[in-house]
Amino acid sequence: MSGNSFGKLFTVSTFGESHGIAIGGVVDGCPPGMELSEADLQGDLDRRKPGTSRYTTARREDDEVQILSGVFEGKTTGTSIGLLIKNKDQRSQDYSKIADRFRPGHADYTYQQKYGLRDYRGGGRSSARETAIRVAAGGIAKKYLKTVHGIEIIGYLSQLGPIEMALEDKDAINQNPFFCPQPDKLDALDQYMRDLKKSGDSIGAKVSVVATNMPVGLGEPVFDRLDAEIAHAMMGINAVKGVEIGDGFDVVNQKGSEHRDTLTPQGFTSNHSGGVLGGISTGQDVVVHMALKPTSSISVPGETITVDGESTEVITKGRHDPCVGIRAVPIAEAMLALVLMDHLLRHTAQNAKVTSPTPVIPGSVSE
Amino acid sequence: MSGNSFGKLFTVSTFGESHGIAIGGVVDGCPPGMELSEADLQGDLDRRKPGTSRYTTARREDDEVQILSGVFEGKTTGTSIGLLIKNKDQRSQDYSKIADRFRPGHADYTYQQKYGLRDYRGGGRSSARETAIRVAAGGIAKKYLKTVHGIEIIGYLSQLGPIEMALEDKDAINQNPFFCPQPDKLDALDQYMRDLKKSGDSIGAKVSVVATNMPVGLGEPVFDRLDAEIAHAMMGINAVKGVEIGDGFDVVNQKGSEHRDTLTPQGFTSNHSGGVLGGISTGQDVVVHMALKPTSSISVPGETITVDGESTEVITKGRHDPCVGIRAVPIAEAMLALVLMDHLLRHTAQNAKVTSPTPVIPGSVSE
Amino acid sequence: MSGNSFGKLFTVSTFGESHGIAIGGVVDGCPPGMELSEADLQGDLDRRKPGTSRYTTARREDDEVQILSGVFEGKTTGTSIGLLIKNKDQRSQDYSKIADRFRPGHADYTYQQKYGLRDYRGGGRSSARETAIRVAAGGIAKKYLKTVHGIEIIGYLSQLGPIEMALEDKDAINQNPFFCPQPDKLDALDQYMRDLKKSGDSIGAKVSVVATNMPVGLGEPVFDRLDAEIAHAMMGINAVKGVEIGDGFDVVNQKGSEHRDTLTPQGFTSNHSGGVLGGISTGQDVVVHMALKPTSSISVPGETITVDGESTEVITKGRHDPCVGIRAVPIAEAMLALVLMDHLLRHTAQNAKVTSPTPVIPGSVSE
Amino acid sequence: MSGNSFGKLFTVSTFGESHGIAIGGVVDGCPPGMELSEADLQGDLDRRKPGTSRYTTARREDDEVQILSGVFEGKTTGTSIGLLIKNKDQRSQDYSKIADRFRPGHADYTYQQKYGLRDYRGGGRSSARETAIRVAAGGIAKKYLKTVHGIEIIGYLSQLGPIEMALEDKDAINQNPFFCPQPDKLDALDQYMRDLKKSGDSIGAKVSVVATNMPVGLGEPVFDRLDAEIAHAMMGINAVKGVEIGDGFDVVNQKGSEHRDTLTPQGFTSNHSGGVLGGISTGQDVVVHMALKPTSSISVPGETITVDGESTEVITKGRHDPCVGIRAVPIAEAMLALVLMDHLLRHTAQNAKVTSPTPVIPGSVSE
């Protein structure tokens, strides 16, 4: 029970189903005194939101976030921040046909088995819609990391089906609907997606995220390692089936003399480690890759069972992303921001200097 | 700070350095009434311990675990279990030469930067020696999973450098020093390791773990997903740089119609998902793969810096595993057992039936 | 940082300031399948809400709670429940005069010192307004405890200033604005409060809460004892300065032969322990008392300092409760419900029987 | 399950029974670079240990603590600290007579009911013996609070049965076996205890703890308040039935104009609040009182039941403290130190300045 919170010192708790009244959450642990408004969060929400291109679901949501608390006269107060996004374009009737059967590859089977019932409208709580709140919460962390520490987080699509993309042009990423960092691949992507939609099928993808200007020393030993918590965060994104730090699975066939990043007085000469050694950040860029499976909501007919265990067929006619990996880019950025923010706060606790303003009056008094 | 605990309801907290007096830990949350003795844990400790073959470090440790509490008259009492393993073959003098410099690819750099000092003997807390306690704690979980629920966990080496191995013969795994499940690859492995040791270099590996006879319903939605916590657990093992569930990175180029596992009244017809959908177990086998980097402690000379930032050279002459992936097999099994045990307990809480024995007397009394 | 959550398995996270847009929270860990609607929570909210009698603050709030998620077709789904209450009668201008100075005995001094800024409108986050969400969340726990386990929780005012009240008539408690369980004290209470309001001063109180029909066995050993977490919960209510279980401070001058509750085959013959031994429930009634200080917001002038440390005077003219203890009764009930609910879930985990419905199909498949 | 840990950032996990091989624990989160040795902890352990005066149990234990990890070359490394104390004078045969029946007022009834079995030797895990590890862990916190922040913690016996004691002479506290701060009461205490032992009975007590030289700003809003966590810590000490902060239950009959502590440019003029407002430290002394019940292990015969629910009689002949409150003084100090240490670390995280040493080399590298 109770698994809807993330983070130890910078904690995000979320609620809300795809077709409920609203989704929302509580962000707890944001330091006081940072300027914050909805405008700071809306940019990433717009990058994630559905209905913005022909390559994603046709559902239309404004995803306008409201900050309900924790900000006073334009600044964070250090208390918990309430976030709310109202659902609009729900069209629940689309889903009535699948209430009595399970989509192969979808969470509706496991939710039904775990809880004995489920909100079948649009995937309910298992819907990627829930990630909008992660993006909003991550936006708060992103702003803090950027303005206080200069840390920047950049995500991009590194592969879609057979099409691989290199991080050639950071500025291009947000100029196209694929978060593609290699503009000469855009035509191929467009053609691939057109063909895919025609077939009614979906496709997997690989997403990468990089944090630059990292401090050294973030991460706790043994269990709460920085890389372990990044893996937790990324594998917790809908559809993710694999996570790599730095060279990832390429290390299986690397020699030690080849993998190790040489230290010189001028810095490291390579970054095979992906910026983490022994679970602690090295100060190099943190480099993360993840694999996202193709969505199970497709219009290709498939064999399945009813909720009573009878054999039947399923076709998903709702509005779905043919490649969920695309919209995962801002989600992955948000999750990395949440992990880094949490570890920044945790690392700070190491020396326990009391940092509150000097009291205006002395506190002590004889009893 | 404080990152040496793992698990929410079945919690393991560890302590101890490679060359200290002892390593140990506290296992909290084991249900009462299970038969338990040191003998239940020693088998896996022996599988992990160093000095048992020419393919691993020459350091010799008995790794004899002592249960200090939580067991009374042969049964667990439901209270916390103290574990202790004394260190024996420490030879700390071997490490004196590297106290003043950093090994490229090793955690000694990040520990020094994070804490301002470090126990440089054998890697201190960052040493894989710490994982012995994870194996002991995991052994308790393994026994519970097996005896109460019939869940079994099997780990094996699935790749060493260029040599890939398939899960052909489960019984063979513990009959050879490589945890190799395909006996016809043993000669190639032996030859590869001989050549490697001659060169003074090290090599990466891929380890796989499978849990069979799984119940459906383990895992919490959104953040504390079963797969997310498995990823956390595995990426928290020393040297791991990548984690996959089920088809892992292969999903990047899979179609939805190809990836989804069909449900039939007789069960699933495939297991691309690796036994987890929407973060919740499906009842299929849970299948996990991980990539382990080659150890940085090699005798191939390398450029590096001193603790003062001066350029220098390093050669690690201590006793090290040329392939840390081999001994990681029982560690990976233990970590999977810890995650499953924790989620079993968490899932049980879902219905909150009070399960204590009927009171021998009524409790209520008028005030 | 991040201290706005309560509970380990049944977790409540709250947000919202006294004069913000709204207050709200997330309740995580409610078992699936329980019937739940706003009507279940509104009763206790009405008991707590301001403006219902001349003995409490004149601020008028409907305190209408909205359930935003976690309930589908009238039943809890097992996923997180979002709660929202909009603020209405804020009149923030009342507080402008105290923005530049500290009220003696009020949290505005410590908030300003901790965070360097504060929302001074109505106490911001330190306002008792925040407790409305605790009451709503506690209402969910109360319903579960009652319907699934028959546990009932009754709170009452046991002392107001010099006037002591005994638990003579449970049915009377909710028939009067004082939550007074001894109707022949009502005239004295009315007279006392009239005199108090004339003087512009405030008064302390003692509140008691009892849980009946308790199961034996709730509570974890050593640190997470049932009584320790009850103490945490109660001391966390605004204005509480003391907490007792059972005989409380009377035990200081009791002999062992006098204090111990005799066990007989028919049950305990007394309840000095207050229903907890060694941190674990005995099955007797759980009996808790707490002391609430008089509010610091009074119109009796007082010496104080400005935010710049200069000497000045303060008079609080806002709308405040002359005895905050009265409205604390439903809050104390809610907090006890949250603790019991959490421990019920935790205790259930002890035997780790998987309680999900039998899968409709077998899960296992050869890989 | 799993309730043997305390603290969020400075975490203590304990294990061990009264008559097992050893008791021990893990202290996680101690900042690096503090000088630490066993000698720093032994003083408080000696103050708590049994067998030192005729007023406490005759059991003799050296309570010699061993630090097994986390300290290198005399300084803490920032990693987890393993603590171990071996049990010596166990004489388990003394307890064989009570294995089949419950002592009224003792935890053996609730442990048996919760777990279905118990270690009946000396109370097993419910024994106060477990608190030795809390004292050792608290000693680490105490040293940090003292050397880094100048915070001092002083505990004393403030009442024993009918005899009240005032904090007249701090230096006297550790010069007598009662931790009595008012030397002219020593004869009365001695006489009272002699009479009590003759009668075979036990008596309750009140213990007080004060933290001086406090910083302002410790404590988190709403749930994790400083006073709430102090209440949790103190109510978690064996035999405690009540906790007060500052004026405690006296506030019930105080007026607001009387209770509030006036702020002046020179400081507060009184300390009714006990150093906490709104859950956050004011900088004044933190003042805590607690009530401890008389031990249930007495030689006055009492009616009770067997483990099978049959009526019988019990006389406890083992070696027990006639007043458990006396030896609780160092335990209460330790628990207050643990809470303050945890909140010091948590408060520090507020501003998230990275405090690690400047890296010796730049971290960034182009990928």
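Letters A, B, C and D mark the chains in the order given here, with residues in each chain numbered from 1 onward.
Keep in mind that, in the parts below, a residue touches a chain if its C-beta (ideal position, glycine included) is under 8 Å from a C-beta of that chain, and two chains touch if they have at least 3 such contacts.
Chain-to-protein mapping (UniProt): A, B, C, D = Chorismate synthase.
Quick caveat: nothing in here was measured; it's all calculated off a predicted structure.
Undergrad: Both chain A and chain B are touched by which chains?
TA: C, D
Undergrad: Comparing C-D against A-D, which pair counts more contacting C-beta pairs?
TA: C-D
Undergrad: Quick one: report the Å distance separating chain B from chain D, using the average Cα coordinate of each chain.
TA: Centre-to-centre distance between chain B and chain D: 36 Å.
Undergrad: Once you find the CA centre of chain A and the CA centre of chain D, what distance in Å lies between them?
TA: From the centre of chain A to the centre of chain D is 43 Å.
Undergrad: As a quick test, compute the distance in whole Å between the mean CA positions of chain C and chain D.
TA: Averaging C-alpha atoms per chain gives centres 26 Å apart.
Undergrad: If I count partner chains per residue in chain A, which residues reach a count of at least 2?
TA: In chain A, the residues touching two or more other chains are 1-5, 8-9, 14, 29, 31-32, 78-80, 113-115, 125, 216-217, 221-222, 261, 263-265, 281-283, 305, 309, 345-347, 349-350, 356, 359, 361.
Undergrad: If you look only at chain C, which of its residues touch chain B in the complex?
TA: 8-9, 29, 31-32, 78-80, 144, 148-149, 167, 210, 212-218, 221-222, 261, 263-271, 275, 281-285, 287, 344-356, 359, 361-365, 367
Undergrad: Quick check on the complex: what are the chain C residues that touch chain D?
TA: 1-6, 14, 102-111, 113-115, 125-126, 130, 159, 161-162, 201-206, 216-217, 219-225, 227-236, 238, 241-265, 272-274, 276-283, 291-298, 300, 302-305, 309-311, 346-347, 349-350
Undergrad: What part of chain A is in contact with chain C in the complex they form?
TA: Against chain C, chain A makes touches at 1-5, 7-11, 13-17, 20-26, 28-33, 66, 68-70, 72, 75, 77-82, 84, 113-119, 124-125, 305, 307-309, 345, 356-357, 359-361.
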